[in-house]
Amino acid sequence: MNTDFFILMKFELLVAVIIFVLIFIKLASNEWSTKAVLNVVNILLLTNFIAGFFLNHDGTLFGNMFSTTKLVELQKNILNLGTLIISAQAYTWLKNHKHVLEFYILLLSTLLGMFFMISSGNLLMFYLGLELSTIPLAAICNFDLEKRKSSEAAMKLIISSAFSSGLLLFGISLLYGATGTLNFSELPQHLNGNALQLFAFILLLAGFAFKISVVPFHLWTADVYEGSPVSVTSYLSVISKAAFLFVFVSVLYNVFKPLANTWFNMLMLLSILTMVVGNLFAIRQNNLKRFLAFSSITQMGFILVGISGSSQMGIASVIYFLLIYFFSNLGAFGVIAFVSASTGKETMDDYKGLYKTNPFLSWVLTISLFSLAGIPPTAGFFGKFFLIMAGAGKGNYVFITIAALNMIISLYYYLKVVKAIFMDANEQPIEKLPINTLPKLAMIVCITGIVSIGFIHPIYDYIYSLSFGL
Amino acid sequence: MNLSLLILIPLLTAIAILFCKGLKQVRVVALLGAVIQLFAAFFLLYAYSNERAAGNTSQMLFQDAYIWFKALKIDYHVGVDGISIAMILLTSFVVLAGILVSWRQERMSKEFFFLLILLSLGAYGFFISLDLFMLFFFLEIAVIPKFLLIGIWGSGKKEYSAMKLALMLMGGSALVFVGLLGLYFNSTFGGTTTFDLLQIAQMHIPVEVQKIFFPFIFIGFGIFGALFPFHTWVPDGHSSAPTAASMFLAGISMKLGGYGCLRVATYLMPEAAHYYSPVIIVLATIAIIYGAFATMMQKDLKYINAYSSVSHCGFVLLGIGMLTQTSINGAVMQMVSHGLMTALFFAAIGMIYDRTHTRMTVQLGGLLKIMPFISTVFVLAGLCSLGLPGLSGFVAEATVFMGSWQNADTLYRVATILSCASIVVTAVYILRAVGQAIMGPVNNTQYLSLPDAAWNEKIAATILVIGIVVIGIAPFLLSDLITPSTQTIIEHTFNNISFK
Amino acid sequence: MNYASYITWIPMLPMASFVLVGLFGRKYFKNLAGVIGTIVLLAITVLSFITVYQYFFVDGKVNDVYQSIIPEQYSWLQFSPNLSIDIGIVLDPISVMMLLIVSFVSLMVHVFSLSYMKGEERFSTYYAFLSLFTFSMLGLVVSTNIFQIYIFWELVGISSYLLIGFYYDRPSAVAASKKAFIVTRFADLGFLIGILILAFNAGTLDFHTLIERLTNTQSSQFISITTSSFLGISMLTWALILVFVGGAGKSAMFPLQVWLPDAMEGPTPVSALIHAATMVVAGVYLVARLFPLYSLDAIVLNIVSYVGAISALLAAIIACTQTDIKRVLAYSTISQIGYMMFALGVSRYGGEQGLGYMASMFHLFTHAFFKSLLFLCAGAIIHLVHSNEMKDMGGLKKLMPVTHVVFLIACLAIAGIPPFSGFFSKEEILTAAYNSNKFIYAMGVFTSMLTAFYMFRLYFRIFHNKDSHVEADHSEGSLSMKIPLVILAICTLASGFVPFGSFVTSDGISLTTHVDIVFSILPVTLSVAAILFAAKLYYMQNELPGRIASSLGTFYHAAYKKFYIDEVYLFITKKIIFNLVGKPAAWIDRHIVDGFMNLLASITAKISEMIKGLQTGKVQNYALYFFGGIVGLAVLFIYLWK
Amino acid sequence: MSEIPLTHILFVSTALFFIGMYGLFTRRNMITMLMSIELILNSVNINFVAFNKYLYSDQLNGVFFTIFIIAIAAAEAAVGIAIIINLYRGHHSIDVEDAGEMKY
């Protein structure tokens, strides 16, 4: 039992240990230089990421409250990788920031929460993880303490997420009332799709939809993204989204199997809404963070298309797409984070003529955007192709056509950025920026990922082998 | 031979370009790649005709298949038949010429050539892939470079044109995408769905399904092939693009459309092709006539050629829509001929523009006195486009007409007659352009000092002219190459017709 | 020796010289170009004489019928298993005759141009184009295949375009060349469609098979083409009419004659070659080539004859009023070709019925000589006077004696005065017309009278009329200009006495013809009268012509303005096609089709602008939307969707 | 005495839930909004307890859940108030209407 405990909860324990180490560093000494701290942290995260690949076992703990499978490990590894990259990218921003350690402590505790959430086998455990992954986030959204926008963003996040979790809980309570169990493995037997359960499910769905910012539960997203520090934004838009999606998929496919027909239609509706609204808002944006917020909303719409496929291909494609989405989005955010950290410029107009001064950054951003737009040969193409393909498996081609057409609209605004970078003239372009090793490394990693993942088919095959359909 | 070379060579070239320093290295590398590719293409032709001569009657030769995404039955599967080889040859000609024409591309030369090569890579891949996923992959690869090429190095309202082109083409590919998925999920080959072109061809897709997805795929590719009314990217795109880009655009990309319509839409969904052929005919005829008349009104040389491309590509779609062996032959020939001819045209226009910095026919004039070589090339291109015997245009159009007339149905007859009528209009606008720009007195005396074509431009033009003349004088070379392949397509089409 | 050993050289040599001179002449041997071209032409002229000899006198005839021999044929483009374009050479009476005419006249023109075009900047280009034309024309006449004839048809068209526009820096020349090409192209459209019909219904493009199948009333092809009809007219008729339209376009028949007078913008030798002797008779040749088919259909033959007769008359009338000597000659060409056309129209197939056919070919033969002679003379005159206008001329008799004599001979020939060649051919034509259609005959006779009048008007106004005020800066031209004139004059004198009927007839069986004195009296006397009248008007300068012109008033004016046909064409093209078709098309494309695409974009932008208010930035509204979403889902999926 | 039927209790909780929501939607003061969220959470607590007590009295899931919710609600409130205070530093107001800088 106790070895099991250590092995099965390896990921969580590692993160927890790191958190404690950081706390001790904090307590022990104030004279550590920021750079040193950052290096230590990044090394720790790297080890954490690497450790994620060893000594993996499947199993459950605490009476199914906590369960680990290959898929879950994969997901946690992905999250670890993302966190590592983000922390590398945050370097430029943090290296002259006072509260580095707090930042990491909070950040990692949210990661911990996500891990619990992902491997939760029980609604209670799920709820705990969810809150653990949300509340600290609100805190670090406010991490630029003196910035008004930052605190406004944090306020919006905390209030609306508290509200959403309130509704989520209400749903859970109703579900409990209707079924008498909170256990994922037992719930399906009790589900028969009566009105109460459906309502409970809708509340639950809304809770998830809020987290992965699906229209009409998405409105917090743009503001929070815009307000918070870029690194936090990228964390929000990548890590937490991904984590919630992982859970969402597994909950849908495992727990709410009996309601499949209902949620298929719901997802269809929501995804159409999400794609359209996301696109329509993204077209107009000038602030790149806000722009990426809406673009990520649109991406969620596409992901819902994949999920609604409700087949093995569905899950596989979603996870595969998320993996690619990680690299693409982090690539884009990496550049934006770097630029805004060193110049404070965040709008599209500032990026005009970027190519003249910073070709490297421009290419990184461009390729990432192309990948987000799903243009070959970037991996985004494969991701999107498989997503839509999974959705098409259901045979609803009107839906697929709408999705395909939305891809065109999204292409438009991605190209708008590219146009700004390459074609538009600008009298005071962003001056030539020296890039530190760490962020550069992160960007290169992203680009390599974007370019290569599509062609390395074993990745997809592996994910496919782990995933499962209805 | 190993077809993957055709993808590999441009790929390596592109990568090599990334490591080059300065225009000199870059262009040499690019040229080298293009030349090698040309040789590869000719060797392919040689090997192919040997195989055929040796009595190898299988539909696709030099096939080469690896499993790519096992779970989804997506394979890396390449192979060629006569049509693809014709297209590959066309591409390699145009690419070589394009690179030579942009020999003095000072600004951001590395990116420029990189994108050109990438574009050609897409085209080559498209023409040899037998797996619909691959096909789509390469189709989209060939789009975005155009956006950058036009947007960065273009002229006029380049951003607008670039954006328009990218969006419309991507819209087309989105339709194709939906259609392909439809094919995929309705193709149960040996119990599993597949993207493999040949396998899908072997199984019989239900007619009602075909009727749903044929429009998606045909219109999707049709947008690439300037199908009326989705042709509006053509004039803007071509006119704003830099010379080489418009050569590629008109010479190669628009052929992707025609090829797709033939290889995917018509070949895989024969009943639907027959069902919809009247619509296609009507649209194509409109494109031909109306493109021609619209051309008549243009004053900008590039617009003239762009609109005439709309009209000429109409012949391709007409030939495909007519669904007779001869007409499809003609369509393929028209693709090749138009590719070479329009590339030549754009090359000439580009050379003129580089010197005079205007493309307005009224401002030019008497160029024959100033730059005889370029003017001769221009006139040659013009004559080819108005279908002068001895040049490729005539052969292609004659074949299309002859094939189209084989359909006794009145609508088809009318369509054919109208399309024939376009040759008169073509003569009108070509001769107007020639008369205003090339002949006549010299309007602008400071042009008198302008130089004639430089060596690279001469070579580029010569290459294309050779292509045009050879096809024009010895069309049997081309027709013998493609006929067996078109035959398989048309036979397959007719074998599947249940209601015919 | 058999034909195959040398026949291919006849078209190929000019091609070779075209490529050689065209590619390298300009740079390397500019002045040799002429010599090269001339030598080549000499060679092929010899070859074609050999051909003529061998065909007509050695082995052309098999038991008294001239066969059509095909020494060379290659499949050029295979449309479908049974339909292919072959490129080949056919030898039969008319093609051999044309070989002779084309190579001979072309040779004359080559020689003449040596000094006429001397010092031209694009001397070599000129010869390149001439060779190209010669090649195309030869290829045309020896076609074995209706599509082959179309191919070379286009090629002669383009070479004529290039030669008319030779002085490309003259806007008028450019316009003329454009006009010539477009008008003929328009006619070729008919030709093309005719070919398509024939090819579809007869299932072949080969002349021999085509005629064989369609003349045999039992064959399935014949039945299909006659039974299937469009607008109540059988496909055969349609095909023949359409093909004839093509021919009429090339031969400048009414109403497509507008291009020929303008075509005189080209160098004069070119006019002599292309627009007098060879290319313009291609239409006649085409009809003759397909004559067995035409003879099947009386309607089409009537159309042919009337078009011919009307063109002849109309052109003659106009010719009387023109003052540009080349234009006069151009109209006389139209008029003479009109003769050939209606001769074909009134003819039938075989035997005595075939007189018209033979006569037409005969006239083609003689006309080639005297008309090219006339043009070359005009060339010589213009070379001297540097003007086309009659008023700048007069009294050139003394300045250019040789030219004067040969010109007179040519005039007499075209006027149909015995014993000059024109007389014989014209007599045959009139006889044929008389036998079949009196009305046509009457038109023919009247036209011949007019012809005599305007030719001698021309003659007198050039050579007599007033004393020359042209200061003879140089004599009437070097030897290389005189020699062709003399040779052609001799031909003009001699060609009438060729027993043509025994060589060229509709069915290949020789046909003995005789000149009927009684019959000839009327036209000859009329012509003589006309000549005398012309002499009275123009021998000496006087105001009589002016008075007559003014007395004719509007009619004269209309004739002078070529009956406003050009204006009509201009109206149709510029006003109707351009403004009512072209402009709208362009406008629609920019504003409607393209506008629609842009509209989609702007609509999207509009909507996104409209809905931006949803994002109020107030967290309470967000919560409200959130709750609204839940309620919506609940309503939809719990109550409605159930 | 007969015990109170479940529906009554559920009625109370639902009422509480909507009161909370109403408060959240209408009150301008952020602190009040946080309080209304507390109301929502409490209604959830009532639900859990009631269900547990009436329907599934053999287990303790609901009760435990309630305890956890209370704990977390406290944490949430703590962070929330911290943020609001920080916001107040910037905006000098805790009126939610004033914190609408980012929109559209």
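Order of writing sets the labels: A, B, C and D. Residues in every chain begin at 1.
In this section, a residue touches a chain if its C-beta (ideal position, glycine included) is under 8 Å from a C-beta of that chain, and two chains touch if they have at least 3 such contacts.
Values in this document were obtained by computation on a predicted structure and should not be read as measured data.
Relative to the whole-protein C-alpha centroid, the nearest chain centroid is that of B.
When the interfaces C-D and A-D are ranked by how many C-beta pairs touch across them, A-D comes first. If you average the CA atoms of subunit B and of subunit D, the two centres end up 65 Å from each other.
Separation between the centroids of subunit C and subunit D, computed from CA atoms only, is 97 Å. Chain centres here are Cα averages; for subunit A and subunit D they lie 27 Å apart. Averaged Cα coordinates give subunit A a centre that lies 42 Å from the centre of subunit B. Contacts with at least two other chains are made by residues 612, 615, 617, 619, 623, 627 of subunit C.
Multi-chain contact residues of subunit A (touching two or more other chains) are listed as 155-156, 159, 163, 167, 222-223, 284. Within subunit B, residues 167 each touch two or more of the remaining chains.
Contact annotation for chain pairs lists A-B, A-C, A-D, B-C, C-D, with touch applied as defined. Subunit D contributes residues 17, 20, 24, 30, 33-34, 37, 40-41, 43-44, 47-48, 51-52, 55-56, 59, 61-62, 64-65, 68-69, 72, 75-76, 79-80, 82-84, 86-87, 89-91, 96, 99, 101-104 to its touches with subunit A in the complex. Across the complex, subunit D is touched by residues 612-613, 615-620, 623-624, 627 of subunit C. Those residues of subunit B that touch subunit C in the shared complex are 164, 167-168, 228-229, 231-232, 235-236, 290, 293-294, 296-298, 307, 325-326, 329, 366, 368-369, 372, 383, 386-390, 394-395, 398-399, 401-403, 405-406, 408, 416-417, 420-421, 423-424, 427-428, 431-432, 435, 438-442, 475-476, 479-480, 483. Subunit A meets subunit B in the complex at residues 313, 316, 370, 375-377, 381, 385-386, 388-389, 392-393, 395, 397, 400-401, 404-405, 407-408, 411-412, 415-416, 418-419, 422-424, 457, 460-461, 464-465. Listing the residues of subunit C that touch subunit B in their complex gives 26, 75-80, 83, 85, 147, 150-152, 154-155, 158, 161, 165, 168-169, 171, 174-175, 177-178, 181-182, 185-186, 188-189, 192-193, 196-197, 199-200, 578, 581-583, 585-586, 588-589, 593-594, 596-597, 601.
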